[in-house]
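Structures are listed in the sections that come next.
There are two complexes below, and they share chain A, which is joined by chain B in the first and by chain C in the second.
Moving on to the complex of A and B:
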């Protein structure tokens, strides 16, 4: 049972044996190569009509869900872009007759936006790199035939099952300057000078948030990397060992490059979580975390839902969406190229 | 395995690995452990003791739990308690998006037609959309729809209009991940079995009902568990869609409690555990399935 999940993880994340059907399908989908493989027994003509009728008959299954999802996800994104071109604020409804880019101009001249954008990128990059590094290290350690592996994995992944609201409350307590665990431990080991009011001091605020988020999501990276490591054939480890590569070099030269797929999929999920870090910040700081920790997500909420600057909020939301697109675009492209779609 | 065997197996290097892994495990558990210990201490006790040390003597109390429970849910007979409200949203939204996702995945896997990859791409991208980028139109949409007018005939539902909006919203945004999870499962099904059913003249609907759906049980467990956790843990949608205080869900109630009981860390911690209880339970009982759902995101 414990290993079945890893097999599945592997077949999800890489071109494992389970994907044989997939590859087949893509070939049929592409349309250009229908005459290869099993398709050769049928004539092209009947193949095409079969495709068409299958398309028609599959419509009732996927079209309604696609429409519901499309309306809420893509319809809303488009609508949001249109609202961002209006001047809508306060009560009442948006005026769609007068569309221009004034909100985006206002945004570029807004120092708050520049700061929030910078913090967003810092959070995104530092949090992602840190979580991946910790996850990889843990995966390498756990991969050494560790006993109680399942127990450890359960513990490492546990924080991810918790709501941001719950973890934010735990960490507010951890970071309490007088009696919080972090400072108590620091004082206990004689590092009094390091003790700090972590989430009030502007110079440590963002770092403290990133650290807490890393706590919540590095276990997830561990799980993804562990599956990646398990997918690498054992003889590669052996070969590198026989070549006399030191352990460190072996991992850097042989193993880590092969984990690219794992890194990529984990990074995408992490970055998306980082863009969603709003909940965590909102519980800790309300809608105004201050310039050191303000990110686009909190700024968007503040402008739209606290100040009723709907159009301005929508413009910030559009930027946020484009940022997400920059992250997931390449990922989708690679998935498509590999035939995983 | 005996202790002696254990010792033999341990070389110095391996011991170091175990020590590191244990320390890391302690790190992951520390916030939960110190939270739990704080939740069973009196105000005086947690102000004067080390956070992770269990309370002793009169430092021990369950009072914070009673107080937190009163704030988060109140008597079990109160059907507008925050925990009930969360369940009222999470259970239907989870079941709906699971069922819809399974049907959609069937339409996108075992039946073949061109252009499928394009539609799939929209589903995959849908998993990753930051909610902020749909928030303004979403609230506008529900204002325009004016759901409460349609529900006038059913007062029970009309008073819960914010929660019903949440159910529909969560269902819609849950469809992409559910579809992708089911599809990765269906893609591994034995093609010849379905082909045989097709040759026997079974319709597509019949194949789904008689073959695919019954075989989907393990994946339903994964999808339902993962999706339930996601919906229960949501904060943002509830924040913008629910306005009535009687419709507060657990995460919102928890955030409010934290704002009003600033120095009462023991009550805060107890409330955090109460809000997290369903997801913690699900995780402890079905960790395997949760991990699988998580993996599906990648």
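Moving on to the complex of A and C:
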């Protein structure tokens, strides 16, 4: 039995080869288009052709994952969108008979939502820009043939490998007003007036969160930039130096512009993460971070799972999803244009 | 003035000496090739002239000015790189004018210079293209134009043609020579390709293991190599070498004998010497009429033929037990001889032939030191009145 399976596999394989040869021969001998050639060789075997077609033979490879993804990812997104159009809240089931955009209207009039949306955008932009800048700086320093380069690279990247729950707790300790490292150090060097209750004071709360996230993600940016820098041939640096560029100018005018692809891909990862920075905030503050740090992700969780405003939570989720699309869209478009997709 | 002088320049890395006490004097307006195998220190030498690498010891002068510790931009040099090194995010105009813009030249001056440079390298109408829209040859022209606009005293070119395909390379060689004629600027050109060095340069500086082996016009390097290395490196295919010993009667190798009076060539019996002869100076018996002073006949069997169109290379096996294995190469190829014959020759494989060598084109090297002893060995009857000069006179 195994033997016969083996023979069928072999014949399948050689069949494929044969087709390719046939097609080539038809083209070279008669000058007929390949498709026609295949059609004629296949016409007497039409009963086999359906089973043998590339489409059918490729089914086992893409259909199961496509079904699973379709149901659990895109199906869930779709279902969520539908729920956001209902009035579902509290106990009971959603009423799909009455779909309208009332939840989205409610959103626009809700000051909590406006604040959360603003915080989300601030977090998104500031966190992304800072992480990229710090990552780039680290990458340039590490790239300058320094000693212990690999060790440093690992040290910088390590925070990235930690769970956000761990880093959140870690930074909660760091920011502790009494025994936290930051305030202890500030007092130690005589800067008492700078010591602050970082994660309680509404004016520094968001900043403290962004700083902690940056700490975790700049190592990732460094690795992405480092790969980009390594891809630039040494000649480029030397050519710029021969042309008389100072180190600063060389990086600004020659090297950094060539890191656009690195910037782009790192920025997309950072921005998408910023949109769903939920776990970090949830560990620090629970589901009510307060207006100065409330972002859409925490608000969504609060509305849905604490207040049982299911439809409202779903609407916020849809807005988040659309924001993510806005972030990824341009990236995908550029990739598509460059033929990478 | 674009004369370049290196005095006792040494570059040592942690455990390797890349360049070892290099002395080099390059005249203004000269096209000079630094040639040698990979890792011989030729690129390091050029980087030290460019200022991209600082010498451990020694001094570099450009135009009579000591520049050993000056940054590249203050040396009056421009460089063309092996990987062309155009900035991919700038168009041709921006690439060419980059150095000028950094120096804050005014717009008109930049335009004027870019136009002139792009005229010289024939890039008209391409100034707004991006590098990735251009062919390899065009990109190389942009790189050269980028060097030209700076009006340098010295052009440094680090294997600029190495990444081009063979046909384009030959074409660009001619272009570079034309450029040199037009600009009349010193060009220092690094290559590992001895054919490039032979065809383009006024003088060739042959470098091996960080040391200058010989600096001479191409034909002098070819006809009177200073040592075994130069003899083997310049010329393709390589020169034949036969190891042997000096006897009272002349040279005695395993299969080759040349009679001369040892006193005439400054050797004494018992010396270990290596005889060198280029493939084109080996003749079959039928062809030997063309040469004045043939050696004694050498019996051989033909092995493999390599027809090149304008000539045929014939691999000769000299002794019965000779093998074609490459192990022989390490023994001075005593059993093998490469011969170049006329393309219409009737020679075939596995044929017994007798060959002679042209005595006027023989080279004698000291096996131990590799130094050349004598170029051209006259017959014992004639006094050495031919043009042979000991290579030591080069120093």
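Throughout what follows, the second predicted complex is superposed on the first by the 288 of 341 C-alpha atoms of A that agree within 3 Å, B and C clash if a C-alpha of one lies under 4 Å from a C-alpha of the other, contacts with A are read in each partner's own complex, and residues count from 1 in each chain.
Please note the rule applied: a residue touches a chain if its C-beta (ideal position, glycine included) is under 8 Å from a C-beta of that chain, and two chains touch if they have at least 3 such contacts.
It should be emphasised that the depicted structure is a prediction, and the values quoted were computed from it without experimental measurement.
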Report clash or fit for the pair chain B and chain C bound to chain A in the combined superposed model. fit
Taking the superposition on A as described, I'd like to know which of chain B and chain C A:245 touches: first, second, both or neither. second
What is the contact status of A:235 with respect to chain B (first) and chain C (second): first, second, both, or neither? second
Partner, of chain C and chain B, that touches more residues belonging to chain A: B
Taking the superposition as given, does A:257 touch the first partner, chain B, the second, chain C, both, or neither? second
Report for A:189: first if it touches chain B alone, second if chain C alone, otherwise both or neither. neither
Let me test your reading of the model: by the given contact rule, A:321 touches which partner, first (chain B), second (chain C), both or neither? first
Quick one: is A:74 in contact with chain B, with chain C, with both, or with neither? Answer first, second, both or neither. first
Superposed arrangement (fit on chain A Cα atoms) - minimum chain B/chain C Cα distance in Å: 8
Residue by residue on chain A, keep only those touching chain B in one complex and chain C in the other, then list them. none
Give every residue of chain C touching chain A within the complex, in rising order. 50, 52, 71-73, 77-79, 81-85, 87-89, 98-99, 102-103, 146, 150
Footprint of chain B on chain A - complex, ascending: 1-2, 5, 8-9, 11-13, 18-19, 21-22, 25-26, 28-31, 51-52, 54-55, 57-66, 68-77, 79-80, 83, 93-94, 138, 141-142, 144, 146, 152-167, 169-174, 176, 179-181, 184, 215, 219-220, 223-224, 227, 262, 265-266, 268-269, 272, 275-276, 278-279, 282-283, 296-297, 300-301, 304-305, 310, 313-314, 316-318, 320-321, 323-324, 327-328, 332, 335-336, 341
In the complex, the residues of chain B that touch chain A are 14, 17-18, 20-21, 24-25, 27-32, 34-35, 38, 46-47, 50-52, 100-101, 103-104, 106-109, 111-117, 119-126, 128-138, 140-141, 169, 171-173, 175-176, 179, 184, 187-189, 191, 204, 208, 229, 232-236, 239-240, 251, 254-255, 258, 265, 268-269, 271-272, 275-276, 279-280, 282-283, 287-288, 290-292, 294-298
For the complex, give me every residue of chain A touching chain C. 233, 235-236, 238-245, 249, 253-254, 257-258, 260
